[in-house]
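Paired with chain B in one complex and with chain C in the other, chain A is shared by the two complexes that follow.
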Partner chain A sequence: MLEIIFLVLVGIMLAYLVRHYVFTLTVLKNTGKGYTNCPHTVTFEPSVSILIPACNEERVIGRILKRMSELSYPINKFQVIVIDDASADATGAIADQFARSCSRIEVLHRNQSEGRRGKASALNAGLKEAKGEVVLCFDADYYPNRDIVQKLVKEFADPEVGAVQGRVIVLNEPKSLVTRLVALERIGGYRVDQEARDKLGLIAQFGGTVGGFRRDLLESLGAWDESILAEDTDITYRVYLAGYRVRYVGDAECYEEAVETWRAYWRQRYRWSRGHMQCAFKHSWNVITSRKLGLKSKIDAILLLHVYYVPILVLLSWIISVPLVLNSSPWLSLGWSVIPFSIYSFVGNSAPFFEVGTGAFLDGRTRAYWLISLLMFTFLYNIPICTKAFVDLMLSKILGRKTASWHKTAHSGDGNSYIMS
Partner chain B sequence: MSCSRVILLEDKPECQRTRSLVTETVTRCSSAGYWKFSHVFFGLVVSTILSCALLVSNYLSTENSAVLIAFNFLFVSLTFPLNGSLTRKVFMLLACETVGLLWNKMLSMFASYYGKTVNVLCSFLNPFVNLIWIVTFYSITLTILEGSVRKG
Partner chain C sequence: MPLETTSTMMFVALASGLVGFILIMFLPALFELRNPKDSGPRRITDEVDGIMSQAKMASLERSEEIQLDQAIIKKVASIISILRDLES
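Moving on to the complex of A and B:
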């Protein structure tokens, strides 16, 4: 019996390994072919509303608002809505200052009774004020390129595209070991993973920021679900289940301030993994029974939905292997040998070592190669994170608790030193 | 709030070349394609020969042989398509194979020398121990290939 369970677990690992292997080969084969499917002669410039939820972001909010005032998109075609989510610091005041000097920036102040209910709640409040045909979202700690709006919205010229996602690059990479490892995860996750999913017509994911939606689609879907911690994954699946697709635009680059400490990493990944697991409960059956998704999209959708369960399954396979090793099981040898190659498959952005390495090579990140081995530590760190998220989610379901509280990632503003003159 | 205060970033839309904010100059979306079919084909031939030799020789256990064979094909399919000289790629494949063989042989000799307890422990640690050389050599190969691309 144990042998069968072990082989099933190895089979699951193998499925993820093959998935990432195919992604890596796909990107290698398609490198240099460009990111967009739109003919370059097409000019598509719809009106755009940019939502920036911000709660206690006084150290970074000025940076993105300044960049918003520098965007190259036609000035009469976009509005920026800052949602000051009951900040206790000077976030609101700084945003007001920018709003006074730049007519396209608006500030929505939420008081203590309305605010602090998580990002989805803030975004929903901002959406009510949005007037654009397209709604884009940026986190307050992000710093986009000037032409990012053009690059993102041109994809909406295709009526099948319901949402777009740009590329995230770590701004404060040299800050600490954690930021360097997060940068590697981002390289694997975006340069290879997201790009391959887009090229293969699978489930490109809206990552919660540096992306956006058609406003009418978003409203018809009921906007963001405030009960889900991973509101981005939830809305991605609702877009696909509605018959639209998400396009990944790799050259629409935006810089983020990554978490700098292991504690902050834990909190962020805990939120992601628990939210992802909530989505797995919510959407798995809908994906399987959907008539809007093809077979390969369904397979990818299911694998993506359950990616945060895999560290738990790896842990389980290690535990099960103890009696198998002691009994010298003949099944163990071949199954056990899968682990070296698949072990990195299950960290944060689902990037195994060869995926990260290929992404870094394509990006010309020579020095980053030397840190790939250290991703092992983030993988090991993700095992207790995902296990705790799963146990907590199960307990909340059994005990009937509604949702977990939203632990916001604090930003130091140190990223400013990499862009300010 | 003037525009002139900021910007080390070069985000001109007309060129897709971006100055990294970190330590290196990053070139994305290179116009060069990464699929050198002739290199991949040659690499597959070499790795097939190596894998057959490994299986026939019975030099390693089934588990360790499986790791090496899987690594061979993974290595060839993921590094041989990249830009860089074929000679360097084949050299690195052979170097990886040699290190993998010696590494696993030494580990199994060590385990058998110290008895069953250590043997069981080595069985558990095997995936992690293998990872050390696999990832290290993969990183070294990418660095070497990057160097040959720059020279070229």
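Moving on to the complex of A and C:
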């Protein structure tokens, strides 16, 4: 029995390994072919509403609002809506100051009884004020390039595109070891993983920021689900299940402030894991039975939905392998099988490291990938994070507890110094 | 060879291999952390100054390329003229 479970686990991890290698090879094969999917002769400039939810972001909100006033998109075609989500600091006051000097910027203040219910709730409040045909979202700590709106919205010229996602680059990368490792993860995740999924026609994901939707589609889907911690993953799947697709636009670049400490990393990844697992429960059956997704997309959608279970499965395989080895299981007595299983089990799924290395290479970061071996520690750190997220989620479902409260990532504003230099 | 000696040697070999493997894996990371030489994150160069300096660099490189091309053409022309003289 244990042997069968072990083999199933290895089979699952093998599926992820193959997936990551296919992505790496796809990106390498398509290097230099450019990002734009929309012909250059097409000019598509719909009206745009930009939502910026902000809760206690006084250190960073000024930076993004200044950038919003510098965007090169036609002035009369976009509005910026800052959702001050019951901030206790000067976020609201700073936003009001910018709104007074720039007519494109509006501020929606939420009080204590309305606010602090999570990002999805804030976005839904902002959506009610949105007038544009396209709704884009940016987190308060982000810093986009000036023409990011054009680059993102032109993809909506394709009627099949329901949502778009740009590329996120870590601004405060040199700050600490955590920021450097997060930056590597981002390079692998966007430069290779997202790009490959888009090129292969699989499930490119809306990451919650630096992206957006057709407003009418978003409203018809019921906007963001406030009970899900990973509202971005949830809306991504609802877009695909409605028959649309998410387009990844690699040259629509935006800086972000990454978490700077291991504690902040834990909180953020816990929220992502638990939210993602919620989406797995919500959407797995819908994906399998959907008539709007092809077989390839269904397989990728299922693998993506369950990606945060991988660290737990790796831990399980390590635990199971111990009695198998000690009891001299007949399966493992075949000497040739022990070595590859052991190596594979030790490093878990090594394929993501190839994605990171390839992404760093394509970005010209010849020294950044010297740190790739340290990603093993972030992988090991993710094991207790994902395990706790899973246990907490199961307990909440069994005991009927409400969804975990939203713990937003605190931003130091130290990224400002990197922009000035 | 006695079994105990063989086992000890195997253990030493495995331990050495493991230590060597760990060193190879993590030594580049240690070098980079001690003496960071990474160029840092990609820069969003849409500021005017950044674009102008990049344009200047591009035109400088192009003029250098043109000078190099001219030098090569002159050399090839001189070689062709010598060959023509040899033929005659």
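Basically, the second predicted complex is superposed on the first by the 396 of 421 C-alpha atoms of A that agree within 3 Å, B and C clash if a C-alpha of one lies under 4 Å from a C-alpha of the other, contacts with A are read in each partner's own complex, and residues count from 1 in each chain.
The rule we apply is simple: a contact is a pair of C-beta atoms (placed from the backbone, for glycine too) under 8 Å apart; a residue touches a chain by one contact, two chains touch by 3 or more.
Quick caveat: nothing in here was measured; it's all calculated off a predicted structure.
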| item | value |
| --- | --- |
| Superposition on chain A - do chain B and chain C clash or fit | clash |
| Chain B versus chain C as contact partner of A:F354, first or second or both or neither | first |
| Greater residue coverage of chain A in the superposed arrangement, chain B or chain C | B |
| Chain B versus chain C as contact partner of A:A242, first or second or both or neither | neither |
| First (chain B), second (chain C), both or neither touched by A:L200 | neither |
| Chain B versus chain C as contact partner of A:R365, first or second or both or neither | both |
| First (chain B), second (chain C), both or neither touched by A:A15 | neither |
| Partner chain in contact with A:S69 - chain B first, chain C second, else both or neither | first |
| Touching partner for A:L177 - first (chain B), second (chain C), both, neither | second |
| First, second, both or neither for A:S373, with chain B first and chain C second | both |
| Footprint overlap on chain A, comparing chain B with chain C | 145-147, 170-171, 173-174, 183, 253, 255, 363-365, 367, 370, 372-373, 418 |
| Contacting residues of chain A [partner chain C, same complex] | 143-147, 169-171, 173-174, 177, 183, 253-255, 363-365, 367-368, 370-374, 418 |
| Residue numbers on chain A that touch chain B, as the complex places them | 21, 24-25, 28-29, 31-35, 66-67, 69-70, 72, 98, 101-102, 145-147, 150-151, 170-171, 173-174, 183, 250-251, 253, 255, 318, 321-322, 325-326, 332-334, 336-341, 343, 353-354, 357-358, 360-367, 369-370, 372-373, 376, 418-421 |
| In the complex, chain B residues that touch chain A | 1, 3, 5-9, 11, 13, 16, 18, 21-35, 61-64, 66-67, 70-71, 74, 77-78, 81-82, 120, 123-124, 126-128, 130-132, 134-136, 138-139, 142-143, 145-146 |
| List of chain C residues in touch with chain A within their complex | 25-26, 28-29, 31-33, 36-42, 44, 46 |
